[in-house]
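Several structures are given next for inspection.
There are two complexes below, and they share chain A, which is joined by chain B in the first and by chain C in the second.
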Partner chain A sequence: MKKILLSLMAVSLFTNMVFAGGSITIAGSTTVLPIAQVTSEVFMDNNPGIDISVRGGGSSVGIASLIAGTCDIGDASRAIKDKEIAKAVDNGIQPKAHVVAMDGIAVIVHPSNGINKISKKDLKSIFTGKISDWSQVGGSGGKIVVMSRDSASGTYEAFMGLALDGSKTRSDSLLQASNQAVASVVSRTPGAIGYVGLGYVTSQVKSIPVNGIECTKATVLSGEYPLSRPLFMYTNGEPEGVVKEYMDFVKSAEGQKLAEEQGFVGLK
Partner chain B sequence: MKRISVLSIFMMLLFSIAQAGEIDKLVQHLMKEGVIKPADAQLILTETKEDNRVKMAQGELDTLPSWIQTMKIGGDLRFRYQNEDKGTYRRERTRIRFRLKGEASSVQGWKVGWGLATGGEDPRSTNQTLDAGFETKRLMLDYAYGAYSGLKGLTVNMGKIPVKSAITLYSDLMWDGDIAVEGLSAYYESNPGNLQFFANVDYLIMDYVDNGNDPSMVLVQPGVVAKIGENAKLKLSVGQYALSGEENAPIFAASSGGSGNTLSGGKYVYSYNCMTTGFKLSFSNLHFEEVSLFGDYVSNPDPSEANTGTLFGIVFGNKKVSSSGQWQVKALQRNLGADAWMDWLPDSDARSGKTDTAGPEVIFTYGVAKNITFGIDYYINGEAEEEAGDEKHDLAQFDLIYKF
Partner chain C sequence: MIDAIKFRNYKENTYKWIFTILAFSSLVFLVGIIIVLFKEGLPIFKEVNLFKFLFGKSWYPTYDPPEFGIFPLMLASFWVMIGATIVCVPLGIGSALYLHELASFKQRAFLKPLIEMLAGVPSIVYGFFGMVIVAPFIQKLFNIPVGLSLFTASMILGIMAVPTVCSITEDALSYVPKSFREASFAVGANRWQTLTKVIIPAAGSGISTAIILGMSRIVGETMTVLMVSGGAAIIPKSIFDPVRPMTATIAAEMGECAMGSKHFHALFAIGLILFLVTLFFNIIAEIISRRYRLKLGLGR
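Up next is the complex of A and B:
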């Protein structure tokens, strides 16, 4: 009898191990979306019984979905607002913030450009069209060619929020579809200025300090660099079960490496 | 293992310290000493700060009483210069408005909201004109209500409630934004998929009369918020008012400057069981951060003429004006028939708040500094039913507002 019970327990344990599964729904920030997508793909590959559904919609949608109970993880490229916390608490939801990476946006110019620094104020003036010649910011003169990302880009959204205080880029800025494209065009255009994720800065372009702070992994991680921000995934309280397993994976060295491959600054 | 132990001790120490500034210093010190890496420091500081914000909202920080943690105080002070031009009559006034508002909760799901404001008994105005030899100005109870939100998606307010908390408004065609209604108000919302359904159900008491026939109104206002394609969002609602005892209500028109409804012997001739609909269509990824079209429509089935009201408008610029350099423009056109709605409730600045009002309004708001805005609000109003001899009623308001 004892052997039968032990056998049944072993079979039960084996079944649980083999067929352990579950599902996770993730919604929110388009900036965090690439991290969520790539980490969930690898996580599902490693855990075939677990199904993860990832959708964008923006930070507000992610947090609203968490509050409404329609997702397990709400992605946000900003901290939750006081109003949202109050609404969550009223709904019995306890938003728990997880920093999953840092976003650092480097300002780049052509290597021949004599500019070695720029203030955040001048940067805003350049990208919104108030300044259009390099001589107005201490350069040797010449028309400034502004490179920007298309408005669907998370990097564009981040730059607009961090550098332009919500203003849009000038209407004659040249829009590029990727970070690589911005870096590539800037490297070939002497009068150009653009912005890319820190991971896309190469020797072909010159990254210039903003407000005297260089864009490096260290200054982004310390929050010193003005164009940096933490990226969040929010759960309802401390995560449990498959959600915890997934969050642990995102924060692991492997997960953070995947985040860096998407152009973000990992925390490991 | 050593690092884990150091981190564990550090975390224990961290949570025993109340002041966020001290936590910052400690983390910075440990980072400089090489005990923790910059990435860990960033993680700890950010997540601790976010945890504490949530704990504060729940009243669960160990270091402060819960009612202090959940108490919110805010308000604003507005300086206004306004110039009215009625053709044969001009008036210039300098006015101030001060509002202090708060919210407190000691039990999760229950809270009290209150607001004090300058002004008199006029429900549509919190202004105090600078006059009368430096007289002291009155501060009134603007609103005070209890709220319950313990059930998912449901909020019930009772007491004297800001109108914007009781009714989903798209403009001030029917309701001046300064009004605080009185009674019971329930709001429910549900978010299945990408849709949001919501509904307001209100029972509002307009007055007390000795014969027991208190003028009151019931409003049922269901609505929906839906995404349209990738770049547009529509909020739409309909509403039905059911009034009783409103024949006792015209006294309010006299006290708040309104007139326009058809009266006989000091009583309303028509009932005001109006049907309304309103919408806001917002676009994203356009040139401005905010581009929205909005509108309101009201129809009163009782009278046969002058019984509808319409308002259409556009707003563009920044979504909110709260920082230096931000701006927003709102332009609208209203046309409110004499008996479309009760004349003591619409925007008090549109032809002194009367019904039988038509004309455009343009509002420009500019951020002077953080939480300080300058605004110009210009009305060009006349009567909705144009007749010979009608007086125009133009109004220009220049506002400087400090928020805190």
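Up next is the complex of A and C:
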């Protein structure tokens, strides 16, 4: 019996030593989730012994867990609020923001569509159901077929926040399961309008400027384009140790390339 | 000598146990699935009452406050099922009758594997075909705003269910004893009369089973409807309206909803309803087919 106990202790000591590389807990925004997942997978492959666990939950959950000290990195698709900063300071936490990528959402129509620009106001009217015909926004007439993403997706959430000011999308909008599906259906439906991450705009669809500003990498990075926003990872003070190593990796050219593969706009 | 027998018994018993465990393992999976469906699905009814869940008309699971009305989703599944059944019943039963009654040996050897190959095509291929080729074609043909609709989904799903309906119908036809046919010919009935008055009624319950299992396949189909039905959670007013069946909702949203949230439980509750519906279909099919065996004197 003693022998078993002893060997168990030895094993547990040994495993502790193996994982002494450290562990990171990440929680928060479902929009940032894919970036966190992909970068942490590659980071763990490159640094065996470091263990990263990634959870979703939403931006508020991410910041709340950082304040509560239950995660090392809190993901958020919005900036931290004053109230949250006050609460963090009370808890002895100094949230530091790191922009890890930009989210840019392009508005796309069928290439044959005569419309060449749209205002943010008309865009909102179309997606909330106030406008249903192309002639009402300067097009050549015909029913507008509204393509949206599934209501659980990060792109939907971003679009609802940036373009619709939090209003509901019309109930007869066609919900597609992926950015590719939206682009593919819009490219085959003359009366369609949809939105996709900038990385998914193809030559088979027409991306139209919103409020006169075209959706390009440059306008998204400068924040000029109306449907763009920065995506954050928050740490407690300046990151140190493994957290710093990971944050440096996310901001490196390789990390930014991984973010772009997920449909975001990289900073480099 | 005795040792050898003992060893053989031992070996036999081992095999017996291995196969018993294998046979019962599917039961374990089934029970596991049922437990999980109830455990994860029922919590939503603490938040939303059952009546509002089943008959609520708006499905905005991520909006604040969320709305979990699955009536449009259930209606979508129902109409797609009806539409696809209208497509697959004539095609499936017609081809089974042709294969069984009219086809020459050569045609049969060629057609039967071909129809069965339809069943082997992955559902995502049907979905892709529907989305990229059929939907734009229908959109141009009828000059409607969009081709992804109840109509397209019914058509594609109907074709997908043809092999199920056809092969079970054919089995049912071949179970009709030869003596029935011979007796019919003996009293002077021609081929058509024998078919409509003797063979089809005798195989009737088998054919009903085929239709019900086909319907059950249609209701449970996921990938294809996700791609071709359009995905709008509305109560359809025409067959060219986009719809959002229950399976497509689960498939599209499960991946991106937070575990343990209300939305998560609501999706499981939809799964639970789907499970009960298909269970109901399968029980009906089983009852009908058992009766039919008895009727033909094939019962055990």
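Assorted remarks:
We take it that the second predicted complex is superposed on the first by the 248 of 268 C-alpha atoms of A that agree within 3 Å, B and C clash if a C-alpha of one lies under 4 Å from a C-alpha of the other, contacts with A are read in each partner's own complex, and residues count from 1 in each chain.
Simple rule for what comes next: a contact is a pair of C-beta atoms (placed from the backbone, for glycine too) under 8 Å apart; a residue touches a chain by one contact, two chains touch by 3 or more.
Since the structure is predicted, the reported quantities are computational estimates derived from the model, not experimental observations.
Applying the stated contact rule after C-alpha superposition, one finds that A:151 touches each of chain B and chain C. By the touch criterion defined above, A:135 reaches neither chain B nor chain C. Of the two partner chains, chain B is the only one touched by A:218; chain C is not.
By the touch criterion defined above, A:91 lies against chain B but remains apart from chain C after alignment on the C-alpha atoms of chain A.
Legend: residue contacts after superposition of the two complexes on their common chain; A:267 is shown touching chain B, with no touch to chain C.
Look at A:165: by the touch rule set out above, it reaches chain B but stays clear of chain C.
By the touch criterion defined above, A:64 reaches chain B but does not reach chain C.
By the document's definition of touching, of the two partners only chain C reaches A:176; chain B does not.
Shared interface residues of chain A (contacting chain B in one complex, chain C in the other): 151-152, 166, 168, 171. By the touch rule above, chain B contacts chain A in their complex via residues 31, 38-43, 46-47, 50-51, 53-54, 57-58, 108-109, 149-150, 152-153, 155, 191-193, 285, 287-289, 318-319, 323, 325-326.
Residue ranges of chain C in contact with chain A, taken from their complex: 58, 60-64, 72, 131-132, 135-136, 139, 145-148, 226-227, 230-234, 241-242, 244, 251-253, 255-258, 263.
Only residues 30, 56-58, 142-145, 150-154, 156-157, 166, 168, 171-177, 181, 184-185, 188-189, 191-192 of chain A touch chain C when the two sit together in their complex.
Chain A contributes residues 64-65, 68-70, 79-80, 82, 85-86, 88-92, 94-99, 102, 151-152, 165-168, 171, 218, 221-223, 230, 232, 266-268 to its touches with chain B in the complex.
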